[in-house]
Amino acid sequence: MLAQILTALLAIVIAVGFSLLYFAGTNWILDKSLADRVNPDGTEVVRAKQRESIRPWLFIFPALLLLTVYLIYPVVETLRLSLYDGAGSAFVGLANYAWAFQDAEYLQAVGNNLLWLAIVPAASCGFGLAVAVLADRVSWGVIAKTFIFLPMAISFVGASVIWKFVYDYRGPDADQIGILNALVTTLGAEPQAWVTLPFWNNFFLMVILIWIQTPFAMVIFSAALRGIPEETLEAARIEGANEFQVFFRIMLPQIMSTVVVVWTTITIIVLKIFDIVLAMTNGQWDTEVLANLMFDWMFRGGGDFGRGSTVALTIMIAVIPIMIWNIRRFQKEEGMR
Amino acid sequence: MAMVAGGAKAKLGRFAAHAALATLVLIWTIPTLGLLVSSFRDKDQLIVSGWWSALSSSEQTAFGRTGTAADQVEQGGQFVIEGDFLGDGQPGAIATFGESQRNLEAFTAGETAALEDGTEFLLNEDGTYRWTSEQPFEHERGERIFFISEVPPIFTLANYVEVLTAEGIGQSFINTLTVAVPATIIPILTAAFAAYAFSWMQFRGRQILFVIVVGLLVVPLQMSLIPLLRMYNGIGEVFGADPKSYLGIWLAHTGFGLPLAIYLLRNYIGSLPRELMESAKVDGATHFDIFTRMVLPLSVPALASFAIFQFLWVWNDLLVALVFLGKRPDQIVLTSQLRELLGSRGDNWEILTSSAFVTIVVPICVFLALQRYFVRGLLGGSVKG
Amino acid sequence: MRTLTLPTMASVLALSVASGAAFAQSADDIVFPIGEDPRFNWESLDRFQEMDLSGEEVTVLGPWLGPDRDLVNSVLAVFEEATGADVVFAGSDSMEQQIVIDFQAGSPPNVTVFPQPGLAADLAAQGALSPLGDEMQEWVLENYAAGSSWVDLGTYPDENGDPQFFGFFYKVDLKSIVWYSPENLEDAGYDVPTTMEDLIAVSEDIAANGETPWCIGIASGDATGWPAPDWVEDIMLRTQPPEVYDAWTTNEIPFDDPRVVNAIEIFGSFAKNPDWVDGGVAAVGAIDFRDSPRGLFEVPPGCYFHRQASFITSFFPEGTELGVDADFFYFPPFEAEDLGNPVLGAGTLWAISNDSPGARALIDFLTTPLAAELWMAQSGHLSPHLGVNLDAYANDTLRRQGEILLAATTFRFDGSDLMPGAIGAGAFWTAMVDYVSGEEAADAAAGVQRAWQSLQ
């Protein structure tokens, strides 16, 4: 164990050292090889311009290289593989897409992903906003926010364990150790094996993601709400608006753009949801989602890269509108700068 | 009158706000609290009673096996077998007992029971028993006596000791650290230089390249898995090395984290005062000097917020680790180990809860200690454009 | 740039590899001191003691975790001790996925332990496995009871379509058995059922008395659902001749054939009967198979019967004495069907997925009687090896299972393991999960058939 800690430390030193060496070294080489010099005839050659046209590339080269290798090339390659057979060797045209659209499991995954998209961003934003607004009105708001904040640091797998324990099921004769079934039985109803109830179990899995994403929404909305001038709110109140009117007519419109950003961010996370489903049900009991289905096709029963890539591309296609919107928004803001 | 009504209404509103917030706080904390409490409970109690009743004693049903004919002694014409069902040091007190599993409350502890075969059986609260018979005992296998016992709450660190050693969580903890630290530092350095170039240097294609970075922010990393696996395979062959290495996963996390890193850092570095750069330039400083001597130190808050972000992301990642690291004991990370346990230890909640707590304790500490930076990073990433 | 990068890259790579080697956990402690226990064929070890494999690392990927991992490590430790090799065993309950990831990444373990021949066949067809050779095939034919069936189960077409012998069976499980507590059954006043009709009558009786006859749990993490196909297969063998069973596992008769649907429905008459299963029908899908026998040992008993393969004893509560606290009986045939005594079994298949002298030596070691005896003497391990000392079996229970294995009039391998991976380790499981959660048997079966067709 000590050896591994030392290795890790050494690796950090090497990684940092190598990065610094690269940046410092290439800059030094550039300065030396394109240094200003004095010709024999006494004229001075200033090559600052050449140097400065090369230097930016030295700065961004490692980043560009990594982005190309780890993100751009894979997108192109996945697109190509989706047109090939399972082994990635024979061209099959659109056969994988044809398969997808008549495969019950794929359609179920698309349906479930849509369900997640409809609910998780809305619920997370709703709860996040509720906490942000309520916490401003009570003296213990900061403490409340800290508590609600915590799940954000918990991994999806960790959260799955936590909630699996909440949903734990024992037969009706036994004492329940899952708190949800304990509540249900206290109220006189039959205990349920929550994650195995088709259709409804999707919601029980979604609760986990909402639980993790609400703090994120809360933090951002808190900051945005703080940006609303107090006078605006006071003016509305003096004119006789009640708190609900103040919220819906003044606050919400003011922070609408923030809501949209948070909504989109959570939407992307939902599209990629994988860990929770893998850990809770592995897609059984009709809870399949695209990312888990892709993982299954990639690595189950010998692996089928064609179908796996096709499923992955579905996620990519769903993300493209968001990507375009993101770029537009960015360009608009750059223009304003 | 209207004033009073308004006041009451406001009071009611305030009460509703308190109640609503309190409910939300409960929903957001109770699941984790349950995990924490359960991880310290005795495993036998954990499976029979809910964690919310951890402080009250629990009732357990069990059986004890008596001694055999070989253990009998003759005392005053009677044949006696004596023993102890609760063993030494085992906590708890026997409440009732019976000869049949269908009637565990037939006799109360301390009472001498007449068994069906005519023998007499005395079982005390502390588990000691005395079985007497007029005839010599002949059985070769002990009889079962069933009982209900009250066991006081037991809290223990044994679950943690077990998961940290036998279940491999300790080793995984180190593995995760080995992944997370370099995978946090490398992207920061790489991104900082790029962000500076995008902010303060002039070159062709600057805008379009940055737009690409913004586009890459949302690319699902699922896309990358298959192509990268194949590429690592090729590289591994060239160097004759294992394609599943820590270097491989550091670079993968670096690649996946770079768009956000560049984006966040450019926002920050780009907002540093222009005069600062220009006065430095007048003094003859090169971009490299400006970056290392001025920009880097000034950007520490932004670097810190990204570092926390990336650290948490890497620490909590499962998918990338599943694909780019093996499941060997010296490579398996915490999330992956925890998922294995979820699959292999099914209902062993004492193992699951304590393992889960080990995996979340570091991110929670990092998070609480550096909350301010983290929030700033979040805001920079999503609110500012 | 280039001159700078390559050496640094290489050194970091080397470093991370080295760190792996330095960290390789060696197998756990040896349980039986070498050469001591007279029940074991220690002379098997001689030729391995002459080998010097020190410094050689042999990586093994297998399905075992928890107690099973300790058991396999205790066998591997003897090999390590004799040869000096360093065996690193990695266990994963999702090894079906892990081996494919490892193979695609070009970093397969030296030796892979497959719980399913179907998956091994898939990988063999992709060139991922190295043939064990004719000599080994001969050896299995001569030294294993029913050797040819074991050879057939381990022979698949390679990437060129030529059949080769790839998989060596080490550790066989008997599936057609029902576990029970002899004392509880006796207290309740029943005898051990010897026909299926009997078993059903006893179950009805127990339920009528307000108790629960069966414990069934099919959850298993990623592999949730797998115990259910075992039931269906066992019932297939008890309602149809073996030829129909064979045709079913190769899809010559469709999965939604009425004969298959009938078998699924008979399984349902146990598992979907709320009065027959501990915790109710909902518990069948929710309870982990490793925890499902727990009801046998509860006070009062949660259930009386538990149908599961021989390996389940590893998951019985600590201190359970086999043959006394828990025992088994043969899952009986229908008297009315007159199909003899069919037996369903399974086994783990060891194959070389990354050839090395160490890997060859390890497989060679597993062919020795000693390797089988070391595990047999501890827990659920049956061996078809004719040369093993039967006295080495840890208890009579295991020995009797060995006898059932050898006395079967029909022996068939777990059918879901023979189906293509995507069916036998995927669609079939999911269908059974859906069936237990309420779907009709015919619909569930039709779903599997559709999935099978989409593969072809």
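In order of appearance the chains are A, B and C, and numbering begins at 1 in each one.
As a working rule, a contact is a pair of C-beta atoms (placed from the backbone, for glycine too) under 8 Å apart; a residue touches a chain by one contact, two chains touch by 3 or more.
These figures come from a predicted structure and were not determined experimentally.
Participant: Chain pair with the most contact pairs?
Facilitator: More C-beta pairs are in contact between A-B than between any other chains.
Participant: Using only alpha carbons, which chain's centroid is the nearest to the whole structure's centroid?
Facilitator: B
Participant: What is the distance, in whole Å, between the centres of chain A and chain C, each centre taken as the mean of its C-alpha atoms?
Facilitator: Chain A and chain C have C-alpha centres separated by 39 Å.
Participant: Report, in whole Å, the distance between the mean C-alpha point of chain B and the mean C-alpha point of chain C.
Facilitator: Spacing between the chain centres: roughly 31 Å.
Participant: Based only on mean CA positions, could you tell me how far chain A sits from chain B in angstrom?
Facilitator: The mean C-alpha positions of chain A and chain B differ by 20 Å.
Participant: Multi-chain contacts in chain B: which residues touch at least two other chains?
Facilitator: Residue numbers touching two or more other chains: 171, 226, 230, 246-247, 330, 339, 342, 347.
Participant: Among the residues of chain A, which are close enough to touch at least two other chains?
Facilitator: Residues 4, 7, 11, 15, 278, 295, 298 of chain A touch two or more partner chains.
Participant: Mind pulling the chain C residues that touch 2 or more other chains?
Facilitator: In chain C, the residues touching two or more other chains are 12, 16, 19, 23, 98, 101, 104, 221-222, 287.
Participant: Which residues of chain A touch chain C once you look at their complex with the stated criterion?
Facilitator: For this pair, the touching residues of chain A are 3-4, 7, 10-11, 14-15, 18, 21-22, 25-26, 87, 99, 103-105, 169-174, 192-193, 195-198, 278, 281-286, 295-296, 298-303.
Participant: Using the touch definition from the top, list the residues of chain A that touch chain B in their complex.
Facilitator: 1, 4-5, 7-8, 11-12, 15-16, 19-20, 23-24, 27, 31, 52-53, 55-57, 59-60, 62-64, 66-67, 69-75, 77-78, 81, 88, 127, 130-131, 134-135, 137-138, 141, 144, 146-158, 160-166, 168, 175-179, 182, 211, 214-216, 219-220, 223-224, 243, 258, 261-262, 265, 268, 271-272, 274-275, 278-279, 291, 294-295, 298, 305, 308-309, 312-313, 315-316, 319, 322-323, 326-327, 329-334
Participant: Within the complex, which stretch of chain C touches chain A?
Facilitator: So the residues of chain C touching chain A come out as 1, 4, 8, 11-12, 15-16, 18-19, 22-23, 96-98, 100-101, 103-104, 118-119, 122-123, 125-126, 221-222, 224-225, 278-280, 282-283, 285-287, 420-423, 425-426, 429-430, 433-434, 437-438, 447, 450-451, 454.
Participant: Can you list the residues on chain C that touch chain B in the complex?
Facilitator: My answer: residues 9-10, 12-14, 16-17, 19-20, 23-25, 59, 61, 65-66, 88, 90-94, 98, 101-102, 104-107, 183-184, 187, 219-223, 287-291, 298-301, 324.
Participant: Inside the complex, what are the residues of chain B that reach chain C?
Facilitator: Per the touch definition, chain B meets chain C at residues 61-63, 100-102, 104, 141, 144, 146, 171, 226, 229-230, 232-234, 236-237, 239, 241-247, 322-324, 326-332, 339-340, 342-347.
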